[in-house]
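Each of the next two complexes has chain A plus one other chain: chain B in the first, chain C in the second.
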Partner chain A sequence: MLSRGLFDKLLWLALLLLAAALVVVVVRATGSSGPSANKVLDKAMERAMTYQSRVALIRELYGPVEVLLQAGQDQSALLKLAEIEKTYPGEAHGQMLKGSIQARLGAIDEAVASYATGVKLRGDYVDKENPLSWRVEIGRIVETGLQTVSARLATNPDNRTAKATMKQLYYLQSRLAGGCE
Partner chain B sequence: MKSLPCPSFPRQHLLFAGILLTVVLLFVACKGEEQSNTVYRIGYMNCNTESETIARFGPLTAYLSEKTGLKFEMVTVNTEDFEERFNQGEFAFSHTNSLLYVILKERSGLKLLASEKRGQFGARSAGTIIARKDSGITTLADLKGKRLVFGPFMAPTGFVAQYDLLLRAGIDPEKDLAYYAVPPGSYKHEKVLYGLLYGQYDAAAAPALDLEVMTREGKIAADDFVVLAQSAIIPYCTFGVGSDVDAKVVAKVRKALAELTPASTAEFDGERVKVLKAAWVDGFEELLDSDFDPLREMAKRAKMPPYEEY
Partner chain C sequence: MNWRDQHYWLVVITGFLAGTLGVLLAVWGNPENSGICVSCFMETSAGALGLHNNERMEYLRPELLGFVLGAFVSAALLREFKSRGGSAPLARVFAGVLLIVGCAVFIGCPIKLVLRLAAGDLTVLSGLFGLVIGVGLGLRGLAHGLHLGRTRQDPSGSGWLVPGLFLLLLVFYFVRPGFLLQSPYGGAAQHAPGWVALAVGLLLGFLAQRSRFCITGGVRDSFLFGLRAPLLWGVIAFVGGALLVSLLTGRFQPGFYGQPGAHTDLLWSGLGMLLVGWISALIGGCPFRQLVKSGEGDSDAGLVVIGMLLGGGIVQSWGIAATSSGVSLAGKVAVLAGLMLVVVATLFLREDA
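Let's turn to the complex of A and B:
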């Protein structure tokens, strides 16, 4: 059996250890909170800066195309897009612009294909809150496309182009509804 | 036990039945042999030169033979000879621009098979009238008294569409221009654009597809020209087939064309080549004959074949 003096000493030791552990935990917790929060902030800032610079680059890059479109020069705008595409072949914004011109000129299958390519490259084009949102235009072509293409398929069910367009229309429709890839 | 009597046929009847069966058998065998030996000829309209046509469409012809199990041969044909040679039965299949398709459809009963897809408008293209950006010409009205260059006479988006655009804008190309020209020889479409670019003409009739292709290739820049007017989009080059060709053969060819992908290859001139790449084509689409109606309307207004008036 432990003597009373030894029991007191062990109790004091345990209390000391507990206090030390508490100090370590508090120091570690307060010491690490600053850099971690900074890291989160840095990432958010980085994302915002990347996004802002992307928007600025797109406005600069496609500015001449927008000018041509405002002047009603659809074909010249398409040629300008073809030039830009040589340098930036994977840029979604060019696909969206191309799609809108193709739709206006009556090339519905090609317009749908361009929009689908653009949305696959950057899903935020269907996002309502996005400053580069193309949601209204995509919604419009989905609505008219589903009618015209299904009518074509009704008269010619084996038409592969119409089938492919229908598939892309369903893809765009699902993305508008919030569906994933 | 008494045996049953055998049914008795006169020997002559048996002999006759045997001969009849042999004849039928020979006929069927010969018919099959004949079908497998039939050579189907495809007439390809020369765009520029015969050698270019062979290089472009030789692999496609070889592909059709490989894919369908039938025998195909290519025939290169100049645009102005096409109708006559088709009507003489030189070839059963045709690959032409969309205006020639309309002409052969209206006059010789050609049937639509499949249409080529190439460029930003797929199986269609448009005709444009362009001027140099620094020319000061900004509208079709400015073209009065100016020099204009067209593409080939029978080109839907190099001549017909633009002729129609001018007429509809109140400009009679025969009276209101200083003059109009069509470049001689081959590579007319390129000559049209370079003729304009280097100042030989004030305006040009250019297919939208040519502008797109030459811009992509870096031969011209989008900023070089201003587009004064552009037609509706109309079908591009098209495969057709004579009305007397077996429906099963037609279906096989149509399916083979529709199934072409950029990866499809064929044995041509001793090597395996990519068919679509060689042909400068993105793929094939099944259009309806009614899709050619906008072109028909243009040809009627411009009094072009098959609606010419003198």
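Let's turn to the complex of A and C:
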């Protein structure tokens, strides 16, 4: 039977050995380039690769739409977007492109709704430094939209469409202003 | 109010510094109006530790670590560190989760409420109303016999565990192990330089431990002692400091719409903060105060902190956290369920029951 004093001494010894083992394990793992070191890096790297492949997929998927837009064929671009939406429903980038076309065609209410839907689906579009950023375009439509839609509301306060657009504009304005989201 | 009382001035200085540094942290890189926000920091830190999967909310906030470790240093230096606990431990974990639920639906903790107000965000007024009512209801419950159980000295030393955990997290912050996540984009990607944020956290944690600074504590004491309450003056100094820096840095944009990180579901903002105020009154302090208390050896507060960290993961994973577009169904259900739990606790956890 171990006496209490001896038992405590053994515990202290065990503690020292465990601490030393911990230091050795950490130091060896930090210095090595073996499989265990790579394993802990995987999570961040996997995340970065997923994001890059998403950006690449978007560029590939919506490339034909961009070509049509550059050629000024807005209606064909909208049709192409509708076609893509059938395969990828709820994809935010399609909403952003749709909003861009609608804005160009002067359909402010629809453009604002599309932008707001896109941003709600993916906040990346309001970020300053993001490969997917549409911050400038969104800022532009918020600026003009707030003036034109509020003027419409002033003349017709019961205009439901204008009220809904105003709400979406405030949402986009809030997202552009920042905050922890 | 005794103007010659050193404690009074300590509270006022702490409040003023918390207000000014709270706004300055946003100037130095933190998200707008979120220079200091315990609930936002809990959510992003939970994300950094892999407790939720919102890729835009992952960053181990050094301010959060500083609050606990600053309080620990202060308590240790001035021999106030006492390992204690044992008062309704599991209930406190749930209280921590619910604190973050209320904050997430409002978008911010009581400190952020003041920072948003000082930046001219008028949507917080319903939250302020809810917070004050919540503290009042909590006080009423305590006056009617609600008692969570006696806190005792803890010879097992469990009060060391939360400061120890935060010290480990500080090591993680510098060593950057592979499992620690950090958002490249979004709100969590916006942050003040790490050393600055840590220094501010340590300073405020140190001062808050000395002064017992607490937003809901200030509201509570104003109910109990009126204008004589030092904590009330601390809160007033906090508002003043934040407002002053907001004005000086051109961040004061008064208005109701388009405010950063804000929504206009006023009823739910109010109910979210009602939940926060009520729980804070029952457990003896706002989320910030719980961090500070956990740093001085209070394992009851430590369990609230663990609950808050867990809550930070839950509100993001379950879609409870509100966004600028408003409060989700999950958020509304969570707040109502939280309020029901608090009502049940107030009814049945009475000493005479």
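To be clear about the criterion, the second predicted complex is superposed on the first by the 138 of 181 C-alpha atoms of A that agree within 3 Å, B and C clash if a C-alpha of one lies under 4 Å from a C-alpha of the other, contacts with A are read in each partner's own complex, and residues count from 1 in each chain.
Just so we're on the same page, a contact is a pair of C-beta atoms (placed from the backbone, for glycine too) under 8 Å apart; a residue touches a chain by one contact, two chains touch by 3 or more.
Every value quoted in this text rests on a predicted model; they were computed, and no experiment measured them.
Under the clash rule set out above, the superposition-derived model of chain A with chain B and chain C shows the two partners fitting side by side. When the two structures are aligned on the shared chain, A:L78 is found in touch with chain B, with no touch to chain C. Of the two partner chains placed by the overlay, only chain C lies in contact with A:R175; chain B stays clear of it. By the touch criterion defined above, A:D109 reaches chain B but does not reach chain C.
Residue contacts after overlaying the shared chain place A:T148 against neither chain B nor chain C. Once chain A of one complex is fitted onto chain A of the other, the partner contacts of A:K98 are limited to chain B, with no touch recorded for chain C.
In the superposition on chain A, A:T117 makes contact with neither chain B nor chain C. Between chain B and chain C in the chain A overlay, the least Cα distance found is 18 Å. Chain A uses no single residue to touch chain B in one structure and chain C in the other.
Residues of chain C touching chain A in their complex: 31-34, 37, 40, 43-44, 50, 55-57, 107-108, 177-179, 181-182, 184-190, 257-264, 323-325.
By the touch criterion stated above, chain A contacts chain B in their complex at residues 73-76, 78-80, 82-83, 86, 98, 102, 105-107, 109-110, 155-156, 158-161. Residues 117, 120-124, 126, 128, 208, 211-212, 215-216, 218, 221-223, 225-227, 230, 232-233, 258, 285-286, 288 of chain B are the ones that touch chain A when the two sit in their complex. Interface residues of chain A facing chain C in the complex, by the touch rule stated above, are 39-44, 47-48, 51, 116, 120, 123-124, 127, 129-130, 170-171, 173-175, 177-181.
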